[in-house]
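For reference, the structures are reproduced in the following blocks.
Below are two complexes that have chain A in common, paired first with chain B and then with chain C.
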Partner chain A sequence: MVIFKAVSKHYNGHIAVKNLNLNVKEGEFVTLIGPSGCGKTTTLKMVNRLVEPTEGDILINGRNIRDTDPVALRRQIGYVIQQIGLFPHMTVEENITVVPTLLEWPATKRRARGHELLDMAGMDPVIYANRYPSELSGGQQQRIGVLRALAADPPLILMDEPFGALDPISREVLQDELKSLQKRLHKTIIFVTHDMDEALKLADRVVVMREGEVIQEATPEELLRKPADDFVASFVGKSRRNDSKLLIVEQVMQPNPVTVLPSVGLAQCLTLMKRKRVDTVLVVDEEGVLIGGVSIETLDREHQRAYRIGEIADHNLVTVLNSTPAKDAFDLMVGDQLKYLPVVDEHRHLRGLVTRTSMVNAMASVVWGDEND
Partner chain B sequence: MPADNSFLPWVIFIFERYWPLFLRGAVNTLIISLTGTIIGFFIGVVIGVIRTIPVEHNTGVLTKLGYKILNFLLLCYIEVFRGTPMIVQAMVIFYGAAMIFNLHLSPLFAGIFIVSINTGAYMSEIVRGGILSVDKGQFEAAHSIGMTHSQTMAHIVLPQAIRNILPATSNEFVINIKDTSVLNVISVTELFFMSKSAAGNNFRYFEVFLITCIIYFVMTFTVTRILRYFEVLLDGPSVYTIHGSQTVPEAEIRIVGRE
Partner chain C sequence: MKMISFSQFLFMNSTAIITATVQHLYLALGSELIGCLIAIPLGIWLTSRKKLADYFLAVTGTIQTIPSLALLGFVLPLFGIGPLPAMIVLVLYSLLPILRNTYTGITGVNPSYIEAGTGAGMNSRQLLWMVKLPLALPIIMAGIRISTVYLISWATLAAFIGAGGLGDLIITGIQTADANFIIAGTIPTAFLAIGAGWMLGKVEMVLTPREGLIVSDEGR
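So, the complex of A and B:
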């Protein structure tokens, strides 16, 4: 949908953006992230021609934006600026419907749209439509800023650190709202931030920039797993240490748990457990699909009654998906007093095991940093 | 002549005898200063807007040159009218128009004209300051949602700038009420001129001008109060509720009362 072709921007000799190539697909949520002054805002502003590139071309839906009138272009692109930028002399409703007003929508349609959007953001139009921005909290103002960008239903929305000035709680709430909004409305969003947590949480793809250049573009998972260099790693690492929530189960689990086939005999299983020094084994079939689990106590109790592990396996194991946030898994273990938690994928293939030990290790890496990862 | 030749009876006598004169003078003063302030305000807005047009890198050389020349002329106007006394401007314009253009202006018209362009010079700079004081983010926000420069000015910047310069504008009005007194030099029948003729008839300068003084004060004081009231009105309600946060909607803050 948006294609940057070798785009550069110089400010009297100073290079703000250097040879940027990027392809943002329709419906994609891309975050630009990097330290202050690395050219994120400049990149964003070149898309709606608030800033003209020195070199290179930007195409939107295959059309070079140089050939589009800037004013017409901007009316088709939603933009949420770095400092909210609501108009203080206009009511909430007037603020939201500024673009429809410019597009000369009839008053009734404008009004309906304003109320619809307020409803969508969970703000009662009866209460809020006629207020002034100064009568709103910071989080509410920011919502209005987002609603204003959505008002004329543009397919592309640019957002420049929209939640930068908010307290952590409103920030999370708004991030969640934005993400679900984007999924529902299928907008293409380019979102600038310098907060890695935010980038990882929201993005389909994260573009890491430094000094005007793209260092890495990857999905959040890839970025966590394979940071391109030390710079990215430290950037990602900082965020991981700050927030264990971002770790997913796959990253903290033990990848090769002890397993047995259901056809294995009890004695053979006991020997295996002794050798591996475990008190539990997981039972999987030939395809690797998890069937159940057997603990040493069960073995001890049932060894006279049964011959095969399949007969005594506990089939009602609590399991988690490999993409679950690690924190949720830990909460589950602590809450339900589980000794272990098998990790499976969507097809119930066993991927690994979370134990109390993996929990402690993960906590330790959050607290002391990840030396041996 | 009052029966008793002392101070208070004289004041009362003069007031009873000349009140229609004072009234006509006061009304003329108000008409000239109000009209002059309003016209001056519009001159100021137009010039202030022109003087804040951004010169982009990609504007043509000719446009740029034209803009530079216009800007220079406007600056000359502002500096000349702010740098000379209104009493002198009145003489130059009134007699200049008669001599050079053979234009015999009625004193009232001439008075309004002079006060207008004089106020315009001051207001230009006030408006320019008002425009520049509007947060830069507002321009950016307006441009980013697809407003042209003129739409940005008309819908976003000027409404805020004008709100900000309202106190300065009221101040100009009050100054004009007082300063129209200099127009007596071109025989405008405003309050000071009327007072002078009342005083000249009786040679009672102190008593007459005491009354004049009181009338001027009542006018400026009332006008100030009225304008202050409108400013407060424009500021919106003085009591309103701010919802502290969306996540904890019961955390309301009530802000009560600006004086």
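So, the complex of A and C:
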């Protein structure tokens, strides 16, 4: 839909964008990301000719934008800017319908469109249509900023760090809304940001830029798995990369597994398992030393024959030391098809339990970043 | 001449005072209107010509420093006496505040609004009428208010070149050493100036858009 062909932009000697080639497909959500001054905003503004390229061509639907009148071009492209830019002297409805006004839609059609969009964003038109931007919260203002870009139903929308000024909670909410909106309305969106979390969350494709050049363009998944170089790797962030080698079992295990003493009766044990909703218990002595494990299957099979848990416990459990790298423990679980892996210290004292759930949690924190850091 | 009380004076000269007041308003507001018609378009035109703007602001600033009595003296040989030369002088004085406020008001519009307007597909004329002028209007109005208040008080000097107005009463009072005349000229002038300032101040407040602050979502 949008094709950049060897596009460069020079500002008296300074190169802002250097030989950029990019093909944005229809319905695609592309984020341009990079440190400030990397040329991402310049790239965006060349699409609606707020900035004219020094060299190269930009084609929209096969048509060179140099051949389109910039004013007419901009009315066909939605644009959301960094600082919101709602006009303070216009009401919410007037702000939303700026482009329809410029396109000289009849007043009734404009009004209907404004109300339709407000409804879509979950803002009651009766309450909000005649308010002024200053009477809205930051999140609501930027919602209106997005609605304004959608007003004339343009197939392509450009967004320049639209959520940068918002508090983290409103930002999350607006990101979610935008993503579902884009999927539902099948819009092509080019989105500039410097926030990697935002880029990864929203994008179908992330374009990483530095000093006017594209360093890598990839899906969020590819970017996380195979960063093109150290710059991208550091930009993607340590916490999101595959450094699970550094984690040890102690950090990923569940610290308080369900345990029983060997002297406990089978029926009592079953009651405990039912209450704690587990299918396996670990058997430990009074000192906390691991003796074995009992699964619900064993319990079911042996309940006629045995009376105490100690008699039926499996003494040949595979265990790991608490200082084992988490990755080795996971490999062991996957390789030996273990349901669980008790963690013990040098004296065989039980420290915790690694389950498949702890594995999933650990991997998720590797991929998405630890929520706690 | 025997002294009469001020109330008796008012009763005897009411027609003259009203005529002078109307004449005075006509002089001051007429000059202000002409000043606006010149300075506002000029100020808008200058916003895209920065070097020229500095020059124009310097010239109108210089006019402002010439003593009004002296300026009256300059126009006298060129345009003779009467309301016309007086209005020329008053128009010249009105230019600076209006021109400067129009220019700074428009150039001072937050660039993000200009970018939003341009990005939405406004041409330069639409950008001026839909964004720049409405946002600069409070500042332009402040310029109009200041110059109107000045012109109302300066218009008293027009009487020196036979243009009439409340200045006539003051000059008569000075020449005849009659305090009643001086007061009868001064008080309406002061009231007109204060009243005009107050009214235009109200207009200014109505026109000031509520600033587009980003407020926190907390508590909403």
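Operating definition for what follows: the second predicted complex is superposed on the first by the 240 of 373 C-alpha atoms of A that agree within 3 Å, B and C clash if a C-alpha of one lies under 4 Å from a C-alpha of the other, contacts with A are read in each partner's own complex, and residues count from 1 in each chain.
Keep in mind that, in the parts below, contacts are C-beta pairs under 8 Å (C-beta built on N, C-alpha and C of every residue); 3 or more make two chains touch, one makes a residue touch a chain.
Remember, predicted model here, so these are calculated numbers, not experimental data.
Participant: After the chain A overlay, clash or fit between chain B and chain C?
Facilitator: Verdict on chain A: clash between chain B and chain C.
Participant: Looking at the overlay, does A:S234 come into contact with chain B only (first), chain C only (second), both, or neither?
Facilitator: neither
Participant: Pick one for A:T219: touches chain B only (first), chain C only (second), both, or neither.
Facilitator: Neither partner.
Participant: For A:S323, is the partner it touches chain B (first), chain C (second), both, or none of the two (neither)?
Facilitator: neither
Participant: Report for A:R74: first if it touches chain B alone, second if chain C alone, otherwise both or neither.
Facilitator: Both partners, chain B and chain C.
Participant: Return first, second, both or neither, reflecting whether A:P133 touches chain B, chain C, both chains, or no partner chain.
Facilitator: second
Participant: A:Q83 contacts which: chain B (first), chain C (second), both, neither?
Facilitator: It touches chain B and chain C both.
Participant: Touch test for A:G122: chain B only (first), chain C only (second), both, or neither?
Facilitator: In the superposition, A:G122 touches chain B alone.
Participant: Name the contact category of A:R143: first (chain B only), second (chain C only), both, or neither.
Facilitator: A:R143: touches chain B, not chain C.
Participant: Between chain B (first) and chain C (second), which, if any, makes contact with A:N21: first, second, both or neither?
Facilitator: neither
Participant: Going by the contact definition given at the top, which residues of chain A touch chain B in one complex and chain C in the other?
Facilitator: Touching chain B in the first complex and chain C in the second, residues 48, 50, 71-75, 79, 81-89, 98-99, 102, 132, 135-137, 139-140, 148, 167, 169-170 of chain A appear in both lists.
Participant: Can you check the complex and tell me which residues of chain A touch chain B?
Facilitator: Interface residues on the chain A side: 48, 50, 71-75, 79, 81-89, 98-99, 102, 122-123, 132, 135-137, 139-140, 143, 148-149, 167, 169-170, 173.
Participant: Across the complex, what residues on chain A touch chain C?
Facilitator: Going by the criterion above, the answer is residues 48, 50, 71-76, 79, 81-89, 98-99, 102, 132-141, 148, 158, 165-167, 169-170.
Participant: For a test of understanding, state which residues of chain B touch chain A in their complex under the given definition.
Facilitator: Answer in residue numbers: 137-138, 140-148, 151, 155-156, 159-160, 163, 236, 240-247.
Participant: Which residues, counting only chain C, touch chain A once they are in their complex?
Facilitator: Residues of chain C touching chain A: 112-113, 115-123, 126, 130-131, 134-135, 209-218, 220.
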